[in-house]
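Next up: some structures, all given as structure tokens.
In the two complexes that follow, subunit A is the common piece, with subunit B as its partner first and subunit C second.
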Partner chain A sequence: MPRASHPHAMQPRNPGSTRTAPPQMSPKFPMQGRYRAYTLFDWTGLIYLLLGFLALRVVWALGTGQEAWNVVMDQFQSPVYIGFHVLSLISVIFVGVRFFSFFPKAQPPRIGPVKPPPQPVILAGLYAAWIGVTLVMTLILTGVLF
Partner chain B sequence: MKHLLLKLEPIIWLLFGQGILLGTLLLTGWVLVVGVLAPLGITPLLSFSDAHELAATLIGRVVLAALIALPLWKGAHHLRHVFIDLGGADRDATVAPLLYLIALAGSVAGVLAVIRL
Partner chain C sequence: MSEPQKKKIVITRFDPDQDEVPKTQEYEIPVQPDWKVLDALNFIKDEVDGSLSHRWSCRMAVCGSCGMMVDGEPKLTCKEALSDYGDTVEIAPLANFPIVRDLVVDLDGFMDKFKSVKPWIIRAKERAVEEGPMRQSPEELEEFKQFSMCINCMLCYSACPVVANEPEFIGPAAIALGHRYNTDSRDEGAAERNEIFRGEGTVFSCSFANECSEVCPKHVDPAAAVNQAKFNAVIDWAQGLILPRGGK
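Entry: the complex of A and B
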């Protein structure tokens, strides 16, 4: 069912001369059509928030000592944590693919005197950086590079 | 409060944007190894001493601080918008500061965590 959306959404700075109907939330919201990806993208915020705190826990344990580190690593072997991290990995990849797809389109025509590179070049650069950082991070964390 | 949020919007957006960009770049390998592959025994994980030595370098501290703090801001800002989209716009002046305070507290704790390494 359609319902009233955020009353200030898309509100113009100056009221127009013509009265317009109040904005209505689409009946497709939240999980139909293009709203599905939009809603899921927003909900990845919860995953990122939890991942930030989990990373904090790992680093805090690293600063505390071997025993605290072992406790965290043991806990990470539980099916609950593994399941959450699999879901997190899917979420992070989803965020990356979605964000990188619209990042080139969101560039202004000029940044000061400089014209941004063509969209395919920006997209290729983002993916190269993503794959490169992931590869380096993986090699470091598994002890191959260190 | 709404006025303050609007004034802080550029900073929040900067942290949010970097949370998506840098957070995603850093989290993919982190979650893959620390959260999935190593716990399943598919790959080894750095030993405590190696991990500590690496993390205690300047670059290690900066990367870990970013890995902790930036996803928190991405998460807080997106959750704020989930709340607004689900009809909570009237309570945004309460919910938004709460979410940003959580992100701020986590970020401060993250900086402390890398300082004490």
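Entry: the complex of A and C
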């Protein structure tokens, strides 16, 4: 049997006298069919939370001194950290692609007097901006820029 | 003459006078190649078990009455070819709705949510008959036409994971309808509806699963409407902060 929805899902404000059976969720929720991508999209939030803690730790090491910084950099060489960073990269790409696929249709037909460009143009602009920012970041991190 | 093909139809049954919880019942029936899923249900009702309860009306995907879960997906049963499914087909009432009996769900909660978005044209001042009809250009019509194609079949509510978990959420079809009127050039009630949209359990509860648009049999794209309504609600709020008298 499928899982139960919230017991008050789609309940009328003034329920009638007929006894009803409680609502049930789609049997495919949360990990079958199209729901799988949605659930994984939600779970990537956990990865970003861990990434946030990691970033705080790096900033703390940076403020503490060279020795602490070296310890963090050494730890980043371990397979666990490398694996986590690969997983984070996959998550960012997955979320980016999913967000970009939905973003164009979320644009209202006009914002004040201005009409947004056609959806393929918005999509192309998003990917162009993503590639551009990635290139600039790569150039900065590899020391080519600055 | 060859034997007609047989299929096993597994139907969720619930009798409020006898059952504590819904149960399933199996029917093995002869089927015709051109049957829709609804034809199988009507055959069972007419020939096998008259106690089965289900809703249907137009048989041409217009009235939106015959929405049910078919093999776990919300579908209009009059639109779905039975031949597209395997030898066993599971039919259940729409997910996320209280079940009244067998495949019939309670619509009153949906109607409450529907009314809450004021789905009618709001005018600051009524137009006199002598002023003639309100004209609208094809471009103006195009901006909301897609969202006016909803047949209230409630498949989107059945597919939405937020509806399943947040009882206050007014849901995809109601928001799409509110947005339809907000984008109608004849309407002057957008500020009123945006106020509703900024409230609890409305557009910002949507997590953009996009399931509503995937299952919509009329390609209304409620997910687009909900997220456009989010955008407009924010713009409207920001205008209220920046412009004198809220930009009105």
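One rule holds for everything that comes next: the second predicted complex is superposed on the first by the 127 of 146 C-alpha atoms of A that agree within 3 Å, B and C clash if a C-alpha of one lies under 4 Å from a C-alpha of the other, contacts with A are read in each partner's own complex, and residues count from 1 in each chain.
Assume a residue touches a chain if its C-beta (ideal position, glycine included) is under 8 Å from a C-beta of that chain, and two chains touch if they have at least 3 such contacts.
This one's a predicted model, so the numbers in the text were calculated from it and none came from an experiment.
A.B. asks: In this superposition, which partner touches a larger number of subunit A residues, subunit B or subunit C?
C.D. replies: B
A.B. asks: After lining up the shared chain so the two structures overlap, which partner does A:109 touch, if you call subunit B first and subunit C second: first, second, both or neither?
C.D. replies: So A:109 only meets subunit C here.
A.B. asks: Please work out whether A:71 is in contact with subunit B alone, subunit C alone, both, or neither, and reply first, second, both or neither.
C.D. replies: Neither subunit B nor subunit C is touched by A:71.
A.B. asks: In the overlay, answer first, second, both or neither for which of subunit B and subunit C A:142 touches.
C.D. replies: Once the two structures are laid over each other on A, A:142 reaches subunit B alone.
A.B. asks: Looking at the overlay, what does A:128 touch: subunit B (first), subunit C (second), both, or neither?
C.D. replies: The answer is neither, since A:128 touches no partner chain.
A.B. asks: Which of the two partners, first being subunit B and second being subunit C, lies in contact with A:13: first, second, both, or neither?
C.D. replies: second
A.B. asks: Quick check for you: in the superposed arrangement, does A:29 touch first (subunit B), second (subunit C), both or neither?
C.D. replies: Both partners, subunit B and subunit C.
A.B. asks: Which subunit A residues come up in both lists, the one for subunit B and the one for subunit C?
C.D. replies: 6, 8, 29-30, 42
A.B. asks: Which positions of subunit B touch subunit A when the two form their complex?
C.D. replies: Interface residues on the subunit B side: 19-21, 23-40, 43-48, 50-52, 54-55, 64, 67-72, 74-79, 81-82, 84-87, 89, 102-103, 106, 109-110, 113-114, 116-117.
A.B. asks: Give the list of subunit A residues in touch with subunit C in this complex.
C.D. replies: Touch list, subunit A to subunit C: 1-2, 5-6, 8-16, 18-30, 32-35, 38, 42, 102, 105-112.
A.B. asks: Within the complex, which stretch of subunit C touches subunit A?
C.D. replies: 14, 16, 19, 21-22, 69, 72-74, 92, 95-100, 105-106, 108-112, 143, 157-159, 161, 163-167, 183, 207-211, 214, 221, 223-224, 227-228, 230-232, 235
A.B. asks: Spell out the part of subunit A that touches subunit B in their complex, as residue ranges.
C.D. replies: Per the touch definition, subunit A meets subunit B at residues 3, 6-8, 29-30, 39, 41-56, 58-60, 62-63, 66, 69-70, 73, 76-77, 81-82, 84-86, 88-89, 92-93, 95-96, 99, 103, 129-130, 133-138, 140-143, 146.
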